[in-house]
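Heads up: the structure comes next, in structure tokens.
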Amino acid sequence: MDTILSLLGAGLLQAFEPLNFAMIFLGCLAGLFIGAMPGLGSVNGVAILLPVTFLVPPTAAIIFLAALYYGAMYGGAVSSITLGIPGSSTAVATVFDGRPMAQSGRADQALMAAAIASFIGGTISVILFTGFAPPLAAFALKFGPQEEFALMLVAFATFIGLGGDDIPKTIFSILIGLVLAAVGFDIISGNPRLIFFDMVEFQRGIEFLVLAIGIYGIGEMIWTLEHTKGAVQMHKVQITLKRVWDNFKQIKEYLPTTAMGSVVGFFVGTLPAAGATPASLMSYGLAKSFSKDGDSFGKGNVAGVAAPEAGNNAASTGSMLPMLTLGIPGSPTTAILLGGMIIWGLRPGPLLFSESPDFVWGLIGSMYVANFVTVALNIALIPVFIRVLAMPFTILAPIIFVLCVVGVFATTDRMFDTWLMLLLGCMGYLMRKLNYPVAPAVLAIVLGPLTERSLRQSLISSQGDPMTFIERPISLVCILIAVALVSYPFVQKMIRKRKEPAEAAE
Amino acid sequence: MKFLKTLTMSAAALAITAPAALAEWQPRKPVEFIIMAGTGGGADQIARLLQGLIQSKGMSPRPFIPINKPGGSGAEALSYMAGKEGDNHTLLVALNSFYTTPIIQEDLAIDITELAPIGRMAMDTFLLWVNSERDDITDLDSYVEKVKEADSAWRVGGTGSGQEDSILTAMMEKEMDYEVTYIPFPGGGTVAKNLVGNQVDSTVNNPAEQMEFWRAGNTKPIVQFNEEREPPYEDVPTAQELGVDIVYYMQRSIAGTKGMDPEAIEWYQNLFHELFQSEEWQNYCETDGLTCDEWLTGDDLAAFHESQMQRHRELIEEVGAESITNK
Amino acid sequence: MSVRTAELLMALAMLLASIGLMADVYFGDLVVGWVPGRGPGSGMWPFWLSLGMALASVWTLWRWYTGVTPESRNNNPYIDPETVFMVGVTVAALFFLLLLSNYIGLYFSMILFLLFYVKGIGRHGWGVTIGVTLGVPIGIYLLFEAALNKYLPRGLPFFENIILYIDDFRYSIMY
């Protein structure tokens, strides 16, 4: 323990060196703005700015990129809350309650909650990271396809109740998301699937982002247009110091869910191949399941903003763990960071902690500092973000439309995807008007590929025997958790029903 | 004031460089650097390293922009290149799917030998790996024995049907007369991790993917598929030494579009030759276990592509396309 | 068209789409069944999930027929005429934004789009209009091209060259 503390102390000192601290600040700021742009997420930011980092020493370089990664996680919440467009898949769950809060004039509360929850999530996970990196890495190795599939079942189980009240339409929405996720090349068999109209563009598959921006960007804007006839006035928010303090005090409402989201997010993040998206969804689902007034989720419950934000920030720290100790990325962003480390001549793997302690502890030290910097920057910038909402709709809407187009193009480099975005957005709008819930489809397209792949990998490796999921201990535990989560609402109802007559009798 | 000064200076610079541009071809706009694979893989790393080197050394008046087109094992990238015929600002970072994808996907109308040969940057090698805990496997013979004992329940991890390692696995099945279960994972790093965690029994990985696990004593190589023993694996026999006739490399090269102007081709060839010789590139090759001894360009590279294409066609015919792709 | 009719048509369209997906998988040379010793074939996932979509659509049709869903009892217009106009204009403008970007490039088509929307629909003053129509493309150019090293579509060579001169100027200052 002593050695860990002294190494951490050295790492913190390193993080405060002028160059490194400047890198943290710049990275957080750049990440915040990149994350806040619809379409641009941490993946793009890190990929695009990677070559810039060849100009500074490796430690400073990875500190910059890691800070950018955190900044983008915070920033993603900003566009989710103010515009209702998730900047990246990690911020989808933040829309569910963030958008209703903004529409009812509580955008500043939501932004505050997002910033604080992100800070708590980031800090808890970096503490766990500091203390338990090696045993967690060993645990991650035990995670094969069977465990991955079981984890996906847990993720799906937490979604119970996310859909609308119309059961067949909710089922339809989940299924269409899963089917759209299967478009393109199947990596297991190497065969093309569902290549509509034989268009070569579909071989790449339909990216999550295209569907999310189509539905939440284009669809949501058209929806707003319809409901306000263009003469929109979003609720203006007057920021005063007292209001800021009141917002801050709200923390006690969401502290328990935040803590739970942080821990869940961190563990999910440390598992290779899972990443921050399932983590944020799972912490949202759990927060809703265990909340006293679960029904208020989706209508502007502040805990519904805090939980996913704590989850995704915790997971982004967690996903550094398999990257550093196993050399495999836990998320697309860490995949690029990994490439960067190799280019700088660092070899991520089991020996990195012992061979390059300066680098590792410098990075860990910077994680602590980066969390403070981002939360400060974020709270300071809330008034700026709020101003966006005060813009007249006929100016804000066209700017958002343009940003959606540019954002999608910048991510996939294809005009084809912008057309697909427009088409999916219009379809989403027409279906939403008929009470088809859209969120399940968006979630399903994220988790679909992971689920199908791990299921098939498991069955191939067990020679087609489905008992493999129950025979392996970790996978069995995950499946039991999933079953418990699914049955929880029913059990709860039954208990209530039993209690009620009993109480009435008394 | 300073702004005005730069403005006039840049105008002057434009006036001077304009005739110079006529004398020697130079990129007029950013160069699209098309990658046949997704972000984070080996090809992506190489593209981003080269881009960074070009930028930091000021070797090009316009930046290189890496663009991933991973769809359909590179089919998306190849059809994009086909659509860019005659374009002087598009380059492709090619791997072996450059050969295999047009063979397996017959309806893909592209002849890769028509693309402009810019330069071969490196050759990547393959080794057969097992977990170090397998004390019962010490050499190729004991390996083959164990695989046969497992009776097709032997799990081999790879990066996907139709990828290089699946071809190599199919070649081994044929040469050594056994059958295995091939499990695809996304990316070579994940394959390596699953070997360490005993989720699969053996893998065919590039040195870079297993290097750290090997150094940490988690995995061990059994045999290498090179013509000669390559460092740092001098102790590992080649397949040929053991009487198994399998030699397989992965090339990493740069190609231009069909019908690219000769001046442009020459400019890119010089640029990449300079990069190839740079200290940074050679260092990267060394740490990543790539072979970067010989620079191939122009007609030599075209001949190399031609022979590799022929070889892959034979290989796929020999092992049967259906043993690589499963429905 | 009433909401009632719209729900019927949407459910029918989705039923047909699901059957289309199933046919695409089934006739697309993919195995939709269980492969012994390997688990699900590559067509299993999309095929059976599409079947599920079809069944969910049939269920919706049944609920429509029996009048269980609120939509099936709602005879208000699906999209009222005023909204049809607003939404139609917006979607058409987006359509032209994307279409024109192939010919005159994204920057110029973006300027036309913003001009149309801010001046034509929003009826803002010329000061605001010009500020937005020029400020947004300049901002996007600086963020995406200068800072993030992207190359947005620029259309036919004539229009591409106009932006290339701006690029030349930028590279001469910083690069």
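A, B and C label the chains in the order they appear, each numbered from 1.
Definition applied: a contact is a pair of C-beta atoms (placed from the backbone, for glycine too) under 8 Å apart; a residue touches a chain by one contact, two chains touch by 3 or more.
Owing to the predicted nature of the structure, the values given are computational and were not obtained by experimental measurement.
**Student:** Mind having a look at which chain is the central one, using mean CA positions?
**Tutor:** Central chain: A.
**Student:** What chain is the most remote from subunit C, judged by the mean position of CA atoms in each chain?
**Tutor:** B
**Student:** When the contacting C-beta pairs are counted for B-C and for A-B, which pair yields the higher total?
**Tutor:** A-B
**Student:** I'd like the Å distance between the centres of subunit A and subunit C, where a centre is the mean of that chain's Cα atoms.
**Tutor:** Once rounded, the distance between the two centres reads 23 Å.
**Student:** What is the distance in Å between the mean C-alpha positions of subunit B and subunit C?
**Tutor:** The mean C-alpha positions of subunit B and subunit C differ by 35 Å.
**Student:** So how far apart, in whole Å, are subunit A and subunit B when each is placed at the average of its C-alpha atoms?
**Tutor:** Spacing between the chain centres: roughly 32 Å.
**Student:** Considering subunit A alone, which of its residues make contact with at least two other chains?
**Tutor:** 188-189, 191, 460, 463
**Student:** Which subunit C residues reach two or more other chains?
**Tutor:** 29-30, 35, 37-38, 41-43, 149-150
**Student:** Where in subunit B do residues touch at least two different other chains?
**Tutor:** Those would be 181, 326-327.
**Student:** Inside the complex, what are the residues of subunit B that reach subunit A?
**Tutor:** Listed in rising order, the residues of subunit B that touch subunit A are 39-40, 44-45, 48-49, 51-53, 55-56, 66-73, 75-76, 79, 104, 153, 155, 160-163, 166, 181-187, 189-190, 192-194, 196-197, 199-200, 208, 211-213, 215-216, 218, 283-284, 287-288, 324-327.
**Student:** Which positions of subunit C touch subunit A when the two form their complex?
**Tutor:** 3, 6-7, 10, 14, 21, 24-25, 28-30, 34-43, 45-46, 49-50, 52-53, 56-57, 59-60, 63, 69-71, 78-79, 82-83, 86-87, 90-91, 94-95, 97-98, 101-102, 106, 110, 113-114, 117-118, 121-124, 128, 132, 136, 140, 143-144, 148-150, 152-153
**Student:** Sort out for me which residues of subunit A touch subunit C in the complex.
**Tutor:** Within the complex, subunit A touches subunit C at residues 34, 37, 40, 44-45, 48-49, 166, 168-169, 171-172, 175-176, 178-179, 182, 186, 188-189, 191, 193-194, 196, 218, 221-222, 225-226, 229-230, 392, 394-395, 397-399, 401-403, 405-406, 409-410, 415, 418-419, 422, 426, 429-431, 433-436, 452, 455-456, 458-460, 463-464.
**Student:** Which subunit B residues qualify as touching subunit C in the complex?
**Tutor:** 6, 9-10, 13-14, 28-30, 32, 61-63, 65, 181, 326-327
**Student:** Could you pull out which subunit C residues touch subunit B in their complex?
**Tutor:** Contacts found on subunit C: 29-31, 35, 37-38, 41-43, 149-151, 160, 164, 167-169, 171-173, 175.
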